[in-house]
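The following blocks contain the structures, represented as structure tokens.
In the two complexes that follow, subunit A is the common piece, with subunit B as its partner first and subunit C second.
Right, the complex of A and B next:
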């Protein structure tokens, strides 16, 4: 019986080995594929000359700045809408009208208003991150055990204390889940904006590698972007389990 | 009860109208330069003009076409591959971890690879959209197949059903809620990737239209395009959730 962990590795190893052997056998000359050994060499080279680290830094700064801004806005609005159902009902049409706009469609607007660079990218990432956090926070706050609210009333807590001491702790596991989903979205949107138009970060670097006809470098960037996405997701999932226990993962389908 | 829902809905529309009104006011007072922010009146006029005399309808159809083809290919491939992987425990333990590794990959990162392979063409867009839209469906199908009540498989075995019959009569219906949820997610992905591909490759569609409008500082046209994209996003999500409700009626109608 082969252990599960090794089974998981067999497929990628087999694909890499076949690709390597095939590339050597036919002396591959291609603009889109490269043997894995060349990709690994390009990865090391890009790390050594620092270009990979600079690009990674730019992308992550934009993604996390956008996540913080969008997350703060989404959290505040979500809590407000969750506490005051009247407010929620009044804002329903407005929210449902703005939410389905694909974040990337704002790119040209952000481009003429803010120009190239961090600000434009952060704005778009923030817009994309507001919605999942707003919706999930609203649901989490609305789903708080009503007796906790009664307790806070009996204790005559001020509204600020009620939010700080009762509502946020009670809704925290689901709010963290919202942040994890939004972090994935932030990275995706940041890379997409860079690939589409913004000349900074990993997205721009992978486009440059493609235009320079360097498939090895391009695929090295692709691998690196995938690894960052995987590590971000796994890291947050581990944190979630560590902080809130297994119960926090119930109902997590995305 | 029903009446109060109606009142709330009306009040909610009034609030939204209030926002549009203040947008108009801001634009009229020129608090923001009209180069960046046209009023809703100008955006609406541009929308009407685009549909009656311009080529906005063609662009709209172009985007819908990219979305639909990519999503359709992804649906078929995703469900077929998912059924193949999900219905065999051995396949699951070998393939699923690799898929889990690929899942958080920002899909747009394959665009350069697709451009290197296909050039700036329609096939590039089709490949990217299908590749992006396949993930939610593929993973949902695998998950749905893996979560089928084991007793149903026992029943199938004692009835001597063939593997195909098991897939079509037991596993697919039982996994359909997961699959439909995956299909709904991938419509959104397909729309976003269509826009990105149109921006990059200059393919006929709304993505290209909004970019050109931005380059020429025609902000009214730009907002008209963005509003249309929002409408597409809203209507496709609405249609998917209606289809979902319709198809899954049997689940709530008792056993």
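Right, the complex of A and C next:
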């Protein structure tokens, strides 16, 4: 197990070493590149002066708030559309017309309506997160074993119990997958909004570093964003395996 | 007329039918699945329905469960029309693997029926223990369905149905997917469970011997559209025994009769 992990790290370490040697050999002077050692130093510096933590906090608050709101809306609508095919047909055109709008294209409107800051960013992240969760939840609910629905009918479960005890648990492994995808989207969209216009968070920090001609700091932020995304996805994957290992297994073999 | 099946423990109470089909026709997608079925099932009776595949026997069971509504005619339970499923009618599906909740343990699956009936949480554990013991799964309460054999999963589904304290138990080819030994064991267990609970049973099967072995009466359906083609009273003595009952000359004669019926219906 551990030798495998070390093997996976060998190539990145080798590349970093080569970059470092190359940068020193050519006495790198650039507005866009920096030697790995300078990036590491900038990263430590940003952590020490607190700016990294504040920027990280701002981005994560926006990403998670947007994910929660968009996820809740997507989940509720996805379940409703999955349960009631009539509702699904009524909404189909509307959904397919709104869904392809890139969330970032809402920026000008959101900016006028909500101004700079968290609210605007959260709204755009939420919009981006609604769709994958809605579409995948609808598919997950629609794909529930019909026999289980019959069992719930034969037992005369109340509509609330039917959703709570049959539909959500049966669809949960796939809903969680949707949530994991949406979490990645939330981070991407939050940083994009910050880079484009919103003066908070990691995206804005990258822009500031760029304008200060600090490629080392810019790349340090970039590395940190990548690391957050990686940790987020890994954490959710571990949680998924831990929570739904059994249910997911049964669902696949059926 | 009272069916002459009074030898066994399932002695029939005279009086009106518990499940009554009168002139039931069902069309699905413009195609007649069942046509003009009239049928009375007495309280406590064990009725078996046989027929070639596609003759609508499973559909008939779903009508009795209230999962389908007839296109014309009525299905009544205890004299009242069946407009929706009822909790005192339990249905055992053939595909136990799909009918059990894979995310709940054996105990949790039985609990679902108790939760549906509004049994208080404090009383559920005792009832679950009783029910699992009844179907021979006392030591498997914490197992998930995926960890159990087919026979055990079907026992679990039966336990969940018994948790409904059903007046009628509808069984849709419940042992069709099981091996012969498991199947015979479960046949005897179902007979003794039913005798203990006094429930009415409608049992769909394509296994003619199973139908004769279990039933007080066997009904054979003709296909396209499904309609009643034969009705046999089974007067074999109870309790029945896998060896002596199946060697009884009457058993063999009934088997012959049903076999000829199925052959003719397929021709």
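Here is the rule we go by: the second predicted complex is superposed on the first by the 238 of 254 C-alpha atoms of A that agree within 3 Å, B and C clash if a C-alpha of one lies under 4 Å from a C-alpha of the other, contacts with A are read in each partner's own complex, and residues count from 1 in each chain.
Definition applied: a residue touches a chain if its C-beta (ideal position, glycine included) is under 8 Å from a C-beta of that chain, and two chains touch if they have at least 3 such contacts.
Quantities reported herein were computed from a predicted structural model and do not represent experimental measurements.
> Which partner does A:169 reach: the first (subunit B), the second (subunit C), both, or neither?
So A:169 only meets subunit C here.
> Which partner, once the models are overlaid, touches more of subunit A's residues, subunit C or subunit B?
Comparing touch counts on subunit A for subunit B and subunit C gives B.
> Now for A:148: first (subunit B), second (subunit C), both, or neither, which partner does it touch?
A:148 sits against subunit C, while subunit B stays out of touch.
> Have a look at where A:81 lands relative to subunit B and subunit C in the superposition and call it first, second, both or neither.
neither
> With both complexes overlaid on chain A, does A:157 touch subunit B (first), subunit C (second), both or neither?
So A:157 only meets subunit C here.
> Which positions of subunit A sit in both the subunit B and the subunit C interface?
253-254.
> If you look only at subunit A, which of its residues touch subunit B in the complex?
Those residues of subunit A that touch subunit B are 4, 7-12, 31-32, 89-94, 96-98, 100-109, 111-113, 184, 187-188, 191-192, 195-197, 202-203, 206-207, 209-210, 215, 218-219, 221-222, 225-226, 229-230, 232-233, 253-254.
> Under the touch definition given earlier, write down the residues of subunit C that touch subunit A in their complex.
Spelled out, the residues of subunit C in touch with subunit A are 65, 67, 84-87, 89-91, 93, 95, 97-99, 101-103, 112-113, 115-116, 144-146, 164.
> Mind listing the subunit B positions that touch subunit A in their complex?
That would be residues 8-9, 11-13, 15-16, 19, 35-36, 93-98, 101-113, 115-117, 181, 185, 188, 191-192, 195-196, 199-200, 206-207, 210-211, 213-214, 217, 219, 222-223, 225-226, 229-230, 233-234, 237 of subunit B.
> Mind listing the subunit A positions that touch subunit C in their complex?
Of all residues in subunit A, those touching subunit C are 145, 147-148, 150-151, 153-157, 161, 165-166, 169-170, 172, 246-247, 249-251, 253-254.
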